[in-house]
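In what comes next, chain A is part of two complexes: it sits with chain B in the first one and with chain C in the second one.
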Partner chain A sequence: MIIHIENLKKRYKKEWVLKGININVDTPQIIALVGPNGSGKTTLLNCMTNLLSINEGKVQLVGKNHNDPSIFKEVSYHQDNRILYGHLTGYDHLKFICNVQKIPLKAIDPVCERVGINYLKKQVRYYSLGMKQHLLLAMAIINQPKLLLLDEPLNGLDPTSAITMRNILLDLYAEGTTILISSHNLDEIDRLTNTIFFMKDGSILEESLLDLNNRHYEVLVSDWNKAKQILNEKGIAFSVTNQNQIAFSENDLNLQTFIHLMNDNEIIIEDIDKKKIGAEKRYQELFEGIGST
Partner chain B sequence: MMLTFELKKHIFNKKFFILSTLLIVCVLLLFSRNFVFQSYIPKEQLQEIDNYIKTSQKNGTQYEEVLKNEPNNEEIKQLQKLNYMMINILYDWRNTRSSNDWKSNLQLENDFLTVALQFKELGGDFPLSQTEMNRTITFNEKLLELNIKPEHENYSIALPNFLKNVIDLLMNFGAFILIILFIGDTLSSEYENRTANLLYTQPLNKANIINAKFITSIFVYLISVLLIIIITFITTYLFGKKGTFSYPVMIERNQSLDFISIGDYILQGMTIVTCLVLLLISLLLFFSLLVKHTLTTIFLVMVTFALGYMISLINWNILYWVNPFQYLLASDKILIQNEYVWYQGIPSALLITMIFYIINIVKIKSSRVV
Partner chain C sequence: MNNLIDSDKNDEEIIEEKLYLLDLINESEMKVNALKEKDWKTLLDIDLKEEENSMYPIENEIKKRDGYYTSTWPNLFTRETRYKMNKWMAERNIQPVFRYDFISWMTIYDIAFQDEIIEEIVKIRIVKYDSSGISFLNHVSQYIFGIVGAIFFLFLFGDIVTKEGYGKYGPIHFLKTMPIHRGKILISKLITILLVSMITLLIITIFSLLLGTVFDRFGDLDYPVLIYGENYTHQLIEMSSFLIQSVLLFLMVLLFCFSLLFLFSMLTKTILPALGLTIVTVYIGITFSENAIKSSFSSLNPFHYFTVPKIITNELAASINNFDFSFTRGLLVFFISSLILFSLTYLLDYFSIRHFKKNRL
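Showing the complex of A and B:
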């Protein structure tokens, strides 16, 4: 088992911030953790890596209890850039990782080349946010981990760097690394994976295996009340957006059938918006109430 | 591996550079003060003799007045006789001061003080206390016996004496402040800056963090002491005097006066300071683990030391064995050894250091970053 989390609960003072998380991953995959600020994503990652204590439950990573420091030979945690020492160089950081991981120092050059770092001799305090993210990624992957945990790795990255990072993560996944990524960048999440854990208020609200090939339509009609009535009568699943568009999935209703239905009832179709059901769409549905009937 | 990284973190830090520079500047300023004061020392001593002469002359005039009215007052006659002797010696001493004959100077000072003591015993009025005079006489005799030229107690530019001045500063709060400034935040800042997250997510035995911090702290302390000693050696070599490490330091031992060499004084002082520093480091690490906040850590350490020192003021012999905080003002522990010996608190200092070291190791193993 690569990740085994059973009824994980975490409390700060009297407030439960994780309310019984269960995650099981036994084959390499990319999993995204998505949720609004304060939903418990970082707390979950910190609890998984034993940076924070847990109040209840059980966490095992790569088959070992999470409080066994030896897990970090196979598990890497890409955290925010505050973990870096400003007055030390990038090389100092990578050398330290190599030393504690017992990796030969010659591993530094290839990983820097892979991530695109050529400023190792500069002190970290002179790095831009993007440069720090690259260094953090290099530090996280230099030990070729079985499990890579990433907390907002795309923050501060320009589009080119974001593409590089995405490609590296996809390569690592292809090489057999399981990746658990927490991010607000839903477009990038869509490009990386369709396995998404949506978190809210310390719970996993939904484990979605989004079908990215499935189409979703939002149609603006002349009389949406009448259209609603017709679709309800036919028992077709649909929703209404906050702009009074009729929204439905291709799985539930074929577009041609919808057009015929509207024409038969003299409802004029003014606009058709064709969308993928991606992370963003699902996020809106879950957290912003958009698209619900 | 952890140790190298830790050393690098401290030594390549801007704070280390600034504090080391400040340390060098402080030693240089202290030496400059002593250097500048050299020309004032003879003047000061001459002024002192002149003051004695004036006092003696004033006493003489008063005795003459009394003897006019009571010509048979034997006590006053005796005092007047001693007073004249003192004035004669003081003039001789004053004349000899300009020469470089330090031995005659010391001998004359002792002759003067011996007569002054008799004068005081007979009820004469003189500004020096008997204890002071006895101490000076004994010290001068020791210098004459060892054939060592006297140095000014506070403003010497001779290497051993100036080094003693510097070590005195270290012994009296100096080392405490130095360690607080250099490594007061060594562990707490890791939690405050979140860099502890990096250390905690590596395949490391967390005990290594304490080991590395402890050793690095000692290393930083040694570097700063070494820096002080090197600067002292260089400045005194270039602008000062060679002096001798056999120079006597007067101490009180079992209610009587005794001597140790300045070399022994420095050695004993550094031993005490080092023990105190070890205790301080282990307490800093302990409170850092407990509160994970630098200012609170420093506050708690200071409170602990202040309380410990206050307890050491209680005159109870067993406390000299069990309370290492007595070394906060360490020079007293060497200079006055009436009810105890200087090294009496060292075993407890090392034992408490060891206990806190073990507590720290155990505590960090179960600690988290918040």
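Showing the complex of A and C:
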């Protein structure tokens, strides 16, 4: 088992911030943790890596108890960039990891080349946010981990760097690394995975395996009230957007059938917007109430 | 010279007095020559001979063991230690730190004086200066190896734990996600801070020695240092041993202070409160301990051992007549106290009581 989390609970004083998390991952995959600020994503990652104590439950990573420091031979945690030593160079950081992990120093160059770092001799205090993120990624992958945990790795990255990071993560996944990524960048999440854990108030609200091939339509009609009535009569699942568009999934209603229905009832179709059901859509449905009837 | 001799005396007495004065002049000339030629052995031998030929020869007095218990200057202990120190220096041809005559020496057993003038003279003359490197280093160590030095080092390296970001995001969380045991992280920090302190002490030592050597001379590593013993006994050790012991004990003082700081750092997570609490604790500890210095277990209290030179010379032990206070016990007490504090710190870290602020979920 790569990740085994059983009824994980964490409390700050009297308030429960993680309320019984269960996650099981036994084959390499990319999993995204998505949720609004304060939903418990970073706390979950910190509890998993024993940076925070847990109050109840059990956490095992790569088959070992999470409080066993030896897990970090196979698990890497890409954290906030404030963990870096400002007075040390990027090379110092990587060298330290190599020494601790007993990795030959010759592993540094290929990793830097892969991530695109060419400023290793500079002190970290002079790095930009993006440069720090690159270094953190290099530090996280230099030991070729079985499990890679990433907390907001895309923060501060320009589009080119974001693409590079995405490709590296996809390559690592292809090489057999399991990746658990927490991010607010839902477009990037969509490009990385369709396995998403939506978190809210310390709980996993939904474990979604989004079908990215499933089309979603938002249609602007001349009389949306009439259209709504017809669809309700037919018992078809749909929703109305805040711009009074009729929204439905291809699974529930074929587009041709919808067009025929509207034509038969003399409702003019003014515009059809074809969309994928992605993380953002699902996020809106879950957390912002958009799209619900 | 005739003017110096009383006219009422008979010839025999006058001759005797003349001879005495001639001896005195010869002796003074010998002293001046010895001083000019830096012949310290001759200089000290003259002084030793004077002590041996005095009205109460020192060797006889020591054999009788009479006079140790008087508290009036100079008691036998004071005479004996001065004699032994001069003998030590004469045997090794060591340059004495001037002044070195009999009114320039007192010990802790000299509590009362015959009169105020003598007291004033002695107390002025016991303050001795020498500009050699070793002597300068000794003076510097007297100031550093105590509470002042401990606070200095606390301010210098005190942020080693808090700057890592205990309680907030900081490099400590990088270390904690490495395959290293948490206790090892704390121990390595403690070792690092002690090593850095040692290097700083080494720099101070080299600087002091260089300064003295450049402007005067290196000095004598085997200069005698008086160590008080039980029942008015004593021993002399070389200055080099004294300095090494002082450094060792002071490092243990630092170990204790840093262990205390680590504990407070773990509790408060920020440098200033941690530093403030450490200094206040040490100050309160020393102040309150002074009131209880005569209790049975006082030698187990680490706060008594902060005046390092007084511990090494057994001055503290002799002044309260409790020779449980010693250099070795000091080392042991500091080590055990630090171990307890360190274990508490480790436990606090282990249970991660307040690692992160709640607003960073």
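Keep this in mind: the second predicted complex is superposed on the first by the 293 of 293 C-alpha atoms of A that agree within 3 Å, B and C clash if a C-alpha of one lies under 4 Å from a C-alpha of the other, contacts with A are read in each partner's own complex, and residues count from 1 in each chain.
Heads up, the rule we're going with is that contacts are C-beta pairs under 8 Å (C-beta built on N, C-alpha and C of every residue); 3 or more make two chains touch, one makes a residue touch a chain.
Computed from a predicted model, the values in this text were never measured in an experiment.
Engineer: Given the alignment on chain A, is it a clash or a fit between chain B and chain C?
Structural biologist: Overlaying the two structures gives a clash between chain B and chain C.
Engineer: A:D223 in the overlay: touching chain B, chain C, both, or neither? Say first, second, both or neither.
Structural biologist: Neither partner.
Engineer: For A:V17, using the defined touch cut-off, is the partner it touches chain B, chain C, both, or neither? Pick first, second, both or neither.
Structural biologist: In the superposition, A:V17 touches chain C alone.
Engineer: Looking at the overlay, does A:E6 come into contact with chain B only (first), chain C only (second), both, or neither?
Structural biologist: The answer is neither, since A:E6 touches no partner chain.
Engineer: Regarding the shared-chain residue A:S53, is it in contact with chain B (first), chain C (second), both, or neither?
Structural biologist: Both chain B and chain C are touched by A:S53.
Engineer: Mind working out whether A:S39 is in touch with chain B, chain C, both or neither, as first, second, both or neither?
Structural biologist: In the superposition, A:S39 touches chain C alone.
Engineer: First (chain B), second (chain C), both or neither: which does A:Y85 touch?
Structural biologist: A:Y85 sits against chain B and chain C alike.
Engineer: Enumerate the residues of chain A that count as touching chain B in its complex and touching chain C in the other.
Structural biologist: Touching chain B in the first complex and chain C in the second, residues 46, 49-53, 69-73, 76-77, 79-80, 82-85, 97, 100-101 of chain A appear in both lists.
Engineer: Quick one: which bits of chain A touch chain B in the complex? Just the residue numbers, please.
Structural biologist: Of all residues in chain A, those touching chain B are 46, 49-53, 69-73, 76-77, 79-80, 82-85, 87-88, 92, 95-97, 99-101.
Engineer: Taking the complex as given, what residues does chain A use to touch chain C?
Structural biologist: Checking each residue of chain A against chain C gives 12, 15, 17, 37-43, 46, 49-53, 69-73, 76-77, 79-80, 82-85, 97, 100-101, 139.
Engineer: Could you pull out which chain B residues touch chain A in their complex?
Structural biologist: Going through chain B, the ones touching chain A are 1-2, 4-5, 8-9, 12-14, 193-195, 197-198, 200-206, 368-370.
Engineer: Sort out for me which residues of chain C touch chain A in the complex.
Structural biologist: 165, 168-171, 173-174, 176-182, 351-352, 355-356, 358, 360-361
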